[in-house]
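Notes follow once the structure below has been shown.
Each chain gets a letter, A, B, C and D, in the order it is written, and its residues are counted from 1.
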Amino acid sequence: MESQPRKNTAILLMFCPDQQGIVARVTEFLFNNNGNIIYLDQHVDRQDGIFFMRIEWELTNFLIPDNKISDFFGTQIAAKYNMSYSLYFNDQIPRMAIFISKMSHCVYDILSRVQANEWPVSVPMIVSNHTELEHVAKQFNIPFYHFPVTQDNKDEQEKKELDLLKKNKINFVVLARYMQILSDKFIEAYPNKIINIHHSFLPAFPGAKPYHSAYKRGVKIIGATSHYVTSELDAGPIIEQDVTRISHKDSVKKLIRKGQDLEKIVLSTAVLLHLQRRILVYNNRTVVFS
Amino acid sequence: MESQPRKNTAILLMFCPDQQGIVARVTEFLFNNNGNIIYLDQHVDRQDGIFFMRIEWELTNFLIPDNKISDFFGTQIAAKYNMSYSLYFNDQIPRMAIFISKMSHCVYDILSRVQANEWPVSVPMIVSNHTELEHVAKQFNIPFYHFPVTQDNKDEQEKKELDLLKKNKINFVVLARYMQILSDKFIEAYPNKIINIHHSFLPAFPGAKPYHSAYKRGVKIIGATSHYVTSELDAGPIIEQDVTRISHKDSVKKLIRKGQDLEKIVLSTAVLLHLQRRILVYNNRTVVFS
Amino acid sequence: MESQPRKNTAILLMFCPDQQGIVARVTEFLFNNNGNIIYLDQHVDRQDGIFFMRIEWELTNFLIPDNKISDFFGTQIAAKYNMSYSLYFNDQIPRMAIFISKMSHCVYDILSRVQANEWPVSVPMIVSNHTELEHVAKQFNIPFYHFPVTQDNKDEQEKKELDLLKKNKINFVVLARYMQILSDKFIEAYPNKIINIHHSFLPAFPGAKPYHSAYKRGVKIIGATSHYVTSELDAGPIIEQDVTRISHKDSVKKLIRKGQDLEKIVLSTAVLLHLQRRILVYNNRTVVFS
Amino acid sequence: MESQPRKNTAILLMFCPDQQGIVARVTEFLFNNNGNIIYLDQHVDRQDGIFFMRIEWELTNFLIPDNKISDFFGTQIAAKYNMSYSLYFNDQIPRMAIFISKMSHCVYDILSRVQANEWPVSVPMIVSNHTELEHVAKQFNIPFYHFPVTQDNKDEQEKKELDLLKKNKINFVVLARYMQILSDKFIEAYPNKIINIHHSFLPAFPGAKPYHSAYKRGVKIIGATSHYVTSELDAGPIIEQDVTRISHKDSVKKLIRKGQDLEKIVLSTAVLLHLQRRILVYNNRTVVFS
């Protein structure tokens, strides 16, 4: 695996108040430093007057050394436009922790992709508040940590989890049908870095038992929603959604089964978008560069 | 148009507490009376223990005269099973009133189908609380009635509308983006016979300005919902829904435009299902026979 | 797992030339023998004049012993209507063989469902013409058999495979992206019992490299198709299809990745329908009871 | 309608061999001339090495007069990059001719949008090879021209049609289920300016009677495709496609009805994209800017 490294690229995600000339200045900055742009997509939110851009360029002949790019860009461009930005290198492999409970469909979907090298990611740890899925972690040789959570021990258990995440240099967390609400404290440690899958078409049916509610309401379509976790339950920025048609013939049990197919694909799609640094969050909404 | 009449059929929609033998008894009843069944679909709601069936048969050699079928079926079958049922003849053309306000996409979609003889329906009247769309009624030679509604005159205007509906022997009403809430009194006059289109994926975003709410929430999919009107706003039995994918690039204006394409198709699909007597309502949910 | 066995049911799949009274006779047959019908769906193909039905009933108080049902039904019903029928018992767990090559997404999807007890199935063997995925079989403790196939040894290898399938009492075969065309002889041994996934929206792009063809043609939607294998390549009865929207931005590589998500869900959906005995094949088309 | 004119903008569509710095040069060109960019989207086809861009900017303070923009851009930018480009002004309202035969669903959909001012377009003429839909043209007060076409008169009729199109200064033609194949000569007069709707999911089922073929093949999903007309039948660059799920229960007649809903929305979507100058054609594929 050492030979033939992927061509190195850098990715900049940025947003700022919209004004004339930003695209020209940013592309000129890269062009003048011998950066060959291989991706550029920008979006202007005209309602809020905000400019968003994702740009990726090859580093091979780039004149600025990797460890100076952020400084140079910050000084020469970002400062002028009151711009927020993040710089990534495509050879930095993100480290992901997976949190699970008792249902395996999402974690299997994720791990089978990781195993097949579909994704540029490493998974140093799986956390669960139950033990039912320990065998899944074992099948894929991933360390499994069991943190049973009760109302009484939640604070200390989360503290241990956070320590473990830190120790493992985890960049982001995926809640793969983890059926335990995280505290604000935990969430604040990973802002826009905890990805959840909710088993409904949000904002319809937030909270518990959405398939039962969907059945009761008699909807003709059900859905699944992946979003970043914020302190308000099931109200964070939506990354991806998908739906499927149902009919009066479908029992709650069948809704659950059909919905699970949505859940795992929607969650994995969201995780991949995150891994590819395609997502910007602004005002509790996502810009997802295609 | 006199020659080659459509083959006459009768349709029975029925529901009752589930028990063994109902299908056998009903099909036997028709079979013994020389009724050739051309459609049969049944559904058992196992949660509530309710049996539903739609059955259609040819009347050509049927031994029971049309005007006795309901009685015979009631006595010989329905009474035994504590069954609710409705009998329809496919040569009875339903009479539909359309209520509109200022947006024309739904009413154009409906009238272009009526004009093309896609649907077995007649449209003796169009009602509006505005005058903007009078020209549409004129284009299709349909009487247009203007009933401006204010808080003060709502009762009397609705009374006039109901009188007009009665006078025109209207069987059911379609609210084709009619932007005026009907009173309970009006609704009770046409139970499960007023079809509305709501411009969201219910139960998400009920009430006013759903596209604005969808934009603000940052959903990745928008929808439209057709339902029977009940006294609770946007909470009646859902007949049909559809959705379309959107992105962060879509402004509210674009959501509205994309959504209008959904609205008209979803509403027309629901109207056709109603015309074909494919819908049974139970417990605020619909059984839609395919 | 011994306690609380699932309630025993029997399933009949049948088809015959359409005529009056079949539903009545069949339901009467079950009713008179104390069979509580829990599922009935029928379909009449009016173009070909063929009647299809799937019916399921509880065996608890059924008066006919399990091993006599087929005889009794054959004599008392099927013979009268020139009917083809198959009888299944829901406590007979089908035995499935999986054939794979080098791509793991479909086989992982299947095995993760099997492991989670989503499906009533056992998987005694996995066959591959390559060794790349042997680790997947190992992860799930399923015997893995390697049969490399060349033009020269194809006949003898298929013979060995067939022997092995027979020895393992395999009921049906799933080709989970198995990239080797089966001979007519092999196919004839499992008529309508070999389920394939093709990575296009058939009949568009049959044969090799459909994603490349889709890219070249500039389609805006790609798909996947699961079908029973027949001697004509990619032309067997279609069980299930699904599609996803693409754009000019998507490279062939991205089409492949998006398509793989379709492939695995479409294949697994088809396998479940087969396991639930919901599929009848007639005239190279499927009737799929919902 | 005189007051509050829409803000004037110009749109450039361009493509050329990809190389570094194009975006920087183009945006700089506009920026330096006081053009406020309100839309920019670019795409690089890495397989063919082609750069595509759509850019829109406000003309209010733009330093170059409208009638010089094309020259200046050509000299200062396009020439350097071997670039093909088209310049449009959003206050130039395109003139569209509609060709129809006997089915009204597409033309009604188009005209109801035109009437509602959904689209920036004028429709000076409707052409038909039949008279069945003359009443539709009359309903919307649009001149209707009847050109019956036989094998013998096709050349001369097309010549008359082309003369009429020219006389009416028609910019593009929409074939709204026009069931008559156009000659190469006709097509060459409007390259990438004749939009057709084909009633299948191309490349599946090209040519006549696609719904019958779809029924016979037993597909589970049907579709519709809008494309620019080229000399090869149903093989031109695809603009838009959509699909809907069907089942074994659906007769050919029902496929046709369901398909018509797809056809009209897909065609109208394609027409709007064309009107908004969002489409570039290269190598028989479209780049559709969102």
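Throughout what follows, a residue touches a chain if its C-beta (ideal position, glycine included) is under 8 Å from a C-beta of that chain, and two chains touch if they have at least 3 such contacts.
Just so you know, these numbers come straight off a predicted model, no measurement behind them.
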{"item": "Size of the rotation, in steps of 5 degrees, that lays the CA trace of subunit C over subunit D", "value": "180"}
{"item": "Of all other chains, the one whose Cα centre sits farthest from subunit D", "value": "C"}
{"item": "Separation of subunit C from subunit D, taking each centre as the mean of its C-alpha atoms, in whole Å", "value": "42"}
{"item": "Computed distance of Cα centres, subunit D from subunit B, in Å", "value": "35"}
{"item": "Where subunit C touches two or more other chains, by residue", "value": "46, 247, 249, 290"}
{"item": "Contacting residues of subunit A [partner subunit D, same complex]", "value": "20-21, 23-24, 27-28, 31, 36-38, 40-42, 44, 46, 245"}
{"item": "Of all residues in subunit D, those that touch subunit C in their complex", "value": "43, 45-47, 201-205, 216-221, 223, 237-243, 247-249, 251-252, 284-288, 290"}
{"item": "For the subunit C and subunit A complex, residues of the former touching the latter", "value": "103-105, 108-109, 112-113, 115-116, 118, 139-140, 247, 249, 257, 261, 265, 268-269, 290"}
